[in-house]
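Presented sequentially are two complexes of subunit A, the first with subunit B as partner and the second with subunit C.
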Partner chain A sequence: MEEKKMTYADKKALRERMKRLKPGKLERRYARMGYVFMIPWFIGAAVFLAYPLCMSFWYALNNIRITPLGQKFTFLGYGNFTQILIQDPDFVVELVNYLTSTVLSVPIIVVFALIIAMMLNMNIKGKGFFRLIFFLPVIIVSGPILGMLNSEGAGSISAVDVQAISGAIGSVLPSIIAEPISDLFGNMITTLWYSGVQILIFLSGLQKIDRSMYEAAKIDGGSGWECFWKITLPNLRSMILLNTIYTVVFISNNSENPIIVLIKESMFSGTKEKGYGYASAMAWLYSLVVLLLVGAFALILAGRKDQYEKQVKRAVKLRKKEAREKKRIERRNRRNAARIERKREKGQITSHTTSRSDY
Partner chain B sequence: MGSKDREGFLKQFTVYALLICIGFIYTYPILHMVSSSMMTLDDLLDSSIKWLPSSLNFENFRQAGESMNFWTALWQSAVIAGVPTICNLLSCSVTGYALARFDFPGKKIVMGIIILSFVLPAQITMIPTYVLYSKLGILNTVWAFILPALFGQGFKAPIFILIFWQFFRQIPKVLIEASRIDGAGHFRSFFKVALPSAAPAFITVALFSFVWYWNESYLTELYVHGVYGQSNWTTLVIQLDNFAANFSGYQQTATNAATNLNESISMAGTLLSILPLTILYLVLQRHFVESIDRTGITGE
Partner chain C sequence: MKTKKLISMALAGMMTAGILAGCQGSSGGGTPSSGGGADTLSQGGSAANVTNDYDLVTIEGSTHQYKKYKDMTSENITLTYFHFDQDETVKLLADKFMQIYPNITVNVQYENVANYNTTLGTLISNGQAPDVIMHSDCDYALSNQLLADISSYWNSDEETKNLADTVNSAGLGTYHLEGGMRYSVPVKFFPGVIFVDRNVLETLNLTVPTQNWTWAEMIQLIKDSTVLDSPDGMAYYGLGYYNRLDSYYGIAARQDIIGEFGFTGKTFDLTEWAVGEQEFSNLKLGGYIAPSTETQAMEDWSGDWEGWAGNTSHCALFSEAFWTFQNTWNTPSYKESFNLDIVPYVIPAVSEADAGAGHHSIATIDYGGITTSCEHPREAYELLKFMSFGVDGWYGRCEIYSDESIVNALGTALKYDVMPAPITKDEGVWDEYIKVYCAGMDDEHVQLWRDYFASCMQPISFGWTNIAGYWNFCDEYFNAIGIHDLVDNGTAQAADYVEEANRKANYYHAQAMLDYFGKGGYDVLSESETAEYEQMIADNQ
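Take a look at the complex of A and B:
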């Protein structure tokens, strides 16, 4: 991240210096020691990551039946995928539900975490106590506990009439969007419970912002509102991205998530067409969707450069262009001068050019 | 934030009011759980009783605890969460150190794989891993959790590797170089210089790893408990997941008359299953709450 702060010239100089200073033999040998420390991870990545990943892809292309003699593979190609997408009654529905509910709840969780973190960052008494409360869900959140609380109706506030809200939403929006929204209201608290770690991340990010920036802004007459948009938010940008990705990953791996329950069910389903292969294909589709979702969020949040950086970049570009232009003019002048010189030496100068140069 | 005199009384008041309100809403499910877990059946049906039960009634806890096999499940949860945590600490600290200290070729690729494996849902590798474990004969034993953790592929290991990486990067390189000049080898400078200064990272990773393993139910059920409950291993969270089934089984065998499953009993069961970690949290609260600050995971 430090590289970003360096100017272009610095970066260039550094790169040139690095090129000149090739790491010596000793240095390289030292660096290679890293592999020794990485051995456990390499073994783990090969056995528990790469191998299952490849196998799972192979599984996804097959129908696997477990017979007393062992697994029986029948190659299907993309048959599993088409069956999941076209014939499975649940998967696509659950996938759409998952997508809408994630897209809805991720901003809520992140914004909620940001608000709480900003309040906790203020100069208030009992900070430790409030932190204790807001971090508590991290300890107790687990699929079955959430399921239990939601099913007993403890996941929402009884004072808020959830039925009325979901009724109102249902009458306005089509059911495919309305359903996740009313689900969200039904389990509002437990949704907010996902924000424990995010609050802490924001909190430590807030504490790292230089106080003097706020003071300078205050002297210049900036209001709290402006300070938030111009100082706090830009400084927290990388943390917002981190929290968003964390939230998406967390929701996707939560054991209450109906899709992963579905995958497990079809893994152990006794029917002829389901089984390991079918479940693997489902897992691949699901992973693809999760990756796309994370990518989309990352693109939305990381794509924007802030205004200052943009201006600096533009100025640098402009200056470079000017320098290039200047160089070109200089070169042309030199060339022209040389040509004139040559011609004069040969004595073939026409009256036209002399008069011009004399002019 | 800023000088205090500029923040008026009204603003302070609003912040406190908001925090208390949101805090109450936030803890509402827990409060609800505590209060209804002590209610008798009469209290539950009595609409005039909303929060305070008419008497402190611990019968629900006894029944829920007995049906869940509380003490066995507690012990086994501790093992299932604790042993892989130790393995996680070992493997992730070594990996994090390698990534922070050495500029070996291909480091960027490794980092990329680690981040990718964090984003990738576990389901994609789950089925072949399941088959692999059953071939190795470690399915339905704790080894199914220990083995991947030993090799840096435990549950949520990418996060822990990144925490260690971030932490070891902050240790001044000069320290390691000084130990090298003094004649320490790579391993010695790792064990004697880097590890002792990484205590905060160890505490953080240990706490989070323990909590996450403890609360994991999906993979625990698949690898350790067995989908059909083939093994003797179980955890509190899984017991809670199968609470209704367990309870009806208990009801038939219980010698003294057990009541039918009602909300109070399930809430008592839920409370019992979160109790151990909550106590741990209250004891070690400072370490939990300051954990992310200290590891500097947010520092770029």
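Take a look at the complex of A and C:
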């Protein structure tokens, strides 16, 4: 029996019928359970994300005084934002410092984490112990302990003459760039301590790479260096992006971050323009900058395709193009054949009158 | 299947409950409120007076008889005392207070100065405002209307008449309102002092100054005791500084000045400050000031990057804080290790007439008050008094300080941990205090300390603790320009800033007075005051 082809009207009617159809009992139960499991997240997001975000934006538009008898709001509109950008010299200076130091330190942290992860992934004795050692700073550097360690000078490498480096950099570069670079050298240990989580992420990425790829490369005469660039790095691309974003967010939210300190100070400042509203406006401006920075890093890293993938994509594209061409030729042949057939049925052509133009 | 479903439901329920649990305790915080409870102290005027009617009670472990006021509540109440004082001392004082008033429970909460405003602000925004607080910068306390008006208690309390003269005459804690309102009381008093190392003067054959020395004599002594090419190979310096001399000079210059930067109660005049600033800069540039710690100059001088002029035996005078003596120079380990003979001198007055008589000198004073939400203001006032200027509180403190077996977390006796001085003039308290303070000293040194204490009882606070708008002025003008650095390194003259700084200081002060005490704040300014401050703003805009 010949199958009847569905028209557009049939399809529309079917869709309408499907919409009217009620889901089965089992399906309803699954759906309900799904919602139940989502409730905690929704509540959490509403209470701890949406509400604070909305409130902080409302705060940013007001001058707020916290008195023992309640909070006093004075609506300022965009007053806090203009005050911060035009009259507060500290914020803009700290923001520039933050941008420069983050752009400098993120690659260092990510590359360091990758190197350590590769070393920890090797077959060495006491691998677990070394992994623990490298993860330990994640626990140590949290909270005020980091501040205490830094104040004792534990954040810098004592063998490195930071003053000499700072002097040399300062004589070549403008202070706005030289300062963050000098700070980076001064806090090298701290910077490297920030790489504990990234090492773990890279380790998990490294362990997921198919070993047979390395074996195949070795058989083909690939060196370790080539294997790193052709196999390891392309396979870790998504991890690099993840770690970069994680590092930017970590540095941006760190309690040692001068802008976080500035925001905190503004919250409880006696200066009349400051307070919760001013600090909220600062926080909004800062989060916009962080967002832009994360976006920039994501664009740089996510946009990069490796050569192998490019070739594969090109081949797939070519194959698709060929398939499309083939289909087009087939369709044209079918059309021509049908036309000849129709003419033949009408007796317009006989076999001896067939010419090339009929095709 | 059923078990799975039940477990899933229970898990989801637990997660929801967990999230909701995090929200508990935040009620009351973050929502605007129009006023306090019926029993709270009104912002415009106090609720009651102090009757000064009391019984004398003896408490355990004390020979002193404490006053138990009859107008205090007999109900069981709890008061929260939030402070940045020495915590062990305050807890022991709170114990004594609770022994006098067994129905009152005192909940002591400590926070260090660095995080003090942050924690206090968080407590208040969470609806957990303490009853009694200390505060360091008055701008934070006033702009957030933390402090209640305690004028009626203060004015009716007999003990407030017997305090260091300037507490009332210069309005320390009143913020200089025409209505005479009082919002704060001095809690910790550290008199201003110039320490002199007599051993250095003896080595250099210089005469030890008299207690009524003048400013010019002090400057001359600093210059005379600076010997850069000393025979022992280590230079002698005239002054090791912690506090800047311009702050000292600004108060010592004129007796009508009752605050930093030439503040006279309503306006500023930085002329005197500029003289002191320039003089200090000239001393620095002239090489009379000892190198600061953690500088190359310090390493070159003492051979130690982290060295301190105070233990080199090569520095004659010090503008160190009051507590440096007990915290450092008077500790047993220091006395054993260094050959020093440090004695105190009052910060000298500029004119001879003032130097001969009693005169104002700058002092570090931390203030405290009762919060506007406090439900038991009378009892809170008594607690505040006990912890600060009260005679009984000071007898209690002296008992605590004299027992060197009572130590802080580091194992140091409390006497050596930032011990303040009494601001009351009660002779009994001072006798006890000097006994504690001068324990182990010979008669000559005891007398020197007695003379010093007698001459430092006209204190004037540093500006940020007692002048509205002072912090805004420093934050947005004085420190933003970096005037100290510019004058210190010789790139600018202090006098060049006087005119502009006067305008700015007056503007910020007037603005703050209107903000804090005007319609949008406490609303206690009279019409004439409001007009005057508005005019000041217009004139100095």
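Keep this in mind: the second predicted complex is superposed on the first by the 276 of 359 C-alpha atoms of A that agree within 3 Å, B and C clash if a C-alpha of one lies under 4 Å from a C-alpha of the other, contacts with A are read in each partner's own complex, and residues count from 1 in each chain.
Here, a residue touches a chain if its C-beta (ideal position, glycine included) is under 8 Å from a C-beta of that chain, and two chains touch if they have at least 3 such contacts.
Bear in mind the structure is a predicted one, so any value in this text is a computation, not a measurement.
Trainee: Using the superposition on subunit A, decide if subunit B and subunit C clash or fit.
Mentor: With subunit A aligned, subunit B runs into subunit C, so clash.
Trainee: On the A-aligned overlay, A:S269 touches which partner chain: subunit B = first, subunit C = second, or both, or neither?
Mentor: After superposing on A, A:S269 lies in contact with subunit C but is clear of subunit B.
Trainee: Quick check for you: in the superposed arrangement, does A:T82 touch first (subunit B), second (subunit C), both or neither?
Mentor: neither
Trainee: Specify the partner with more touching residues on subunit A, choosing between subunit B and subunit C.
Mentor: Subunit A has more residues touched by B than by the other partner.
Trainee: Between subunit B and subunit C, whom does A:L69 touch in the aligned arrangement: first, second, both, or neither?
Mentor: It touches subunit C, and subunit B stays clear.
Trainee: Quick one: is A:N333 in contact with subunit B, with subunit C, with both, or with neither? Answer first, second, both or neither.
Mentor: A:N333 contacts neither subunit B nor subunit C.
Trainee: Name the contact category of A:Q311: first (subunit B only), second (subunit C only), both, or neither.
Mentor: In the superposition, A:Q311 touches no partner, neither subunit B nor subunit C.
Trainee: Can A:V36 be said to touch subunit B (first), subunit C (second), both, or neither?
Mentor: Once the two structures are laid over each other on A, A:V36 reaches both partners.
Trainee: Tell me the contact category for A:V47 with respect to subunit B and subunit C: first, second, both or neither.
Mentor: both
Trainee: Counting only touches as set out at the top, which of subunit B and subunit C does A:Y214 meet: first, second, both, neither?
Mentor: first
Trainee: If both complexes are laid over each other on chain A, which piece of subunit C (112-120, 130-138, 328-336 or 472-480) hits subunit B?
Mentor: 112-120
Trainee: Determine where on subunit A the residues touched by subunit B overlap those touched by subunit C, and list them.
Mentor: 33, 36-37, 40, 43-44, 47-48, 55, 71, 264, 267-268, 276
Trainee: Over in the complex, which subunit A residues touch subunit B? Could you list them?
Mentor: Where subunit A meets subunit B, its residues are 1-2, 23, 30-38, 40-41, 43-45, 47-49, 51-53, 55-56, 59, 71, 116, 119-124, 128, 130-145, 147-149, 152, 154-155, 157, 189-190, 192-193, 197, 200-201, 203-205, 207-208, 214-215, 218, 238-239, 242, 245, 249, 252-253, 255, 260, 263-264, 267-268, 276, 279-280, 282-284, 286-287, 290-291, 294.
Trainee: Okay, in this complex, where on subunit B does subunit A touch?
Mentor: Those residues of subunit B that touch subunit A are 1-2, 4, 7, 12, 15-16, 18-19, 22-23, 25-30, 32-33, 36, 91, 94-95, 97-99, 101-105, 107, 110, 113, 117-132, 147-148, 150-153, 161, 186, 190, 211, 214-218, 222, 227, 237-238, 240-241, 243, 263, 266-267, 269-270, 273-274, 277-278, 280-281, 285, 288-289, 291-293, 296-300.
Trainee: Can you list the residues on subunit C that touch subunit A in the complex?
Mentor: Contacts found on subunit C: 5, 8-9, 12, 15-16, 18-20, 22-23, 30-36, 40, 117-118, 120-121, 124-125, 129, 137-146, 371-374, 469, 471-472, 475-476, 480, 511-512, 515, 520.
Trainee: So in the complex, which bits of subunit A are touching subunit C?
Mentor: Listed in rising order, the residues are 33, 36-37, 39-40, 43-44, 47-48, 55, 65-74, 87, 89, 264, 267-272, 275-276.
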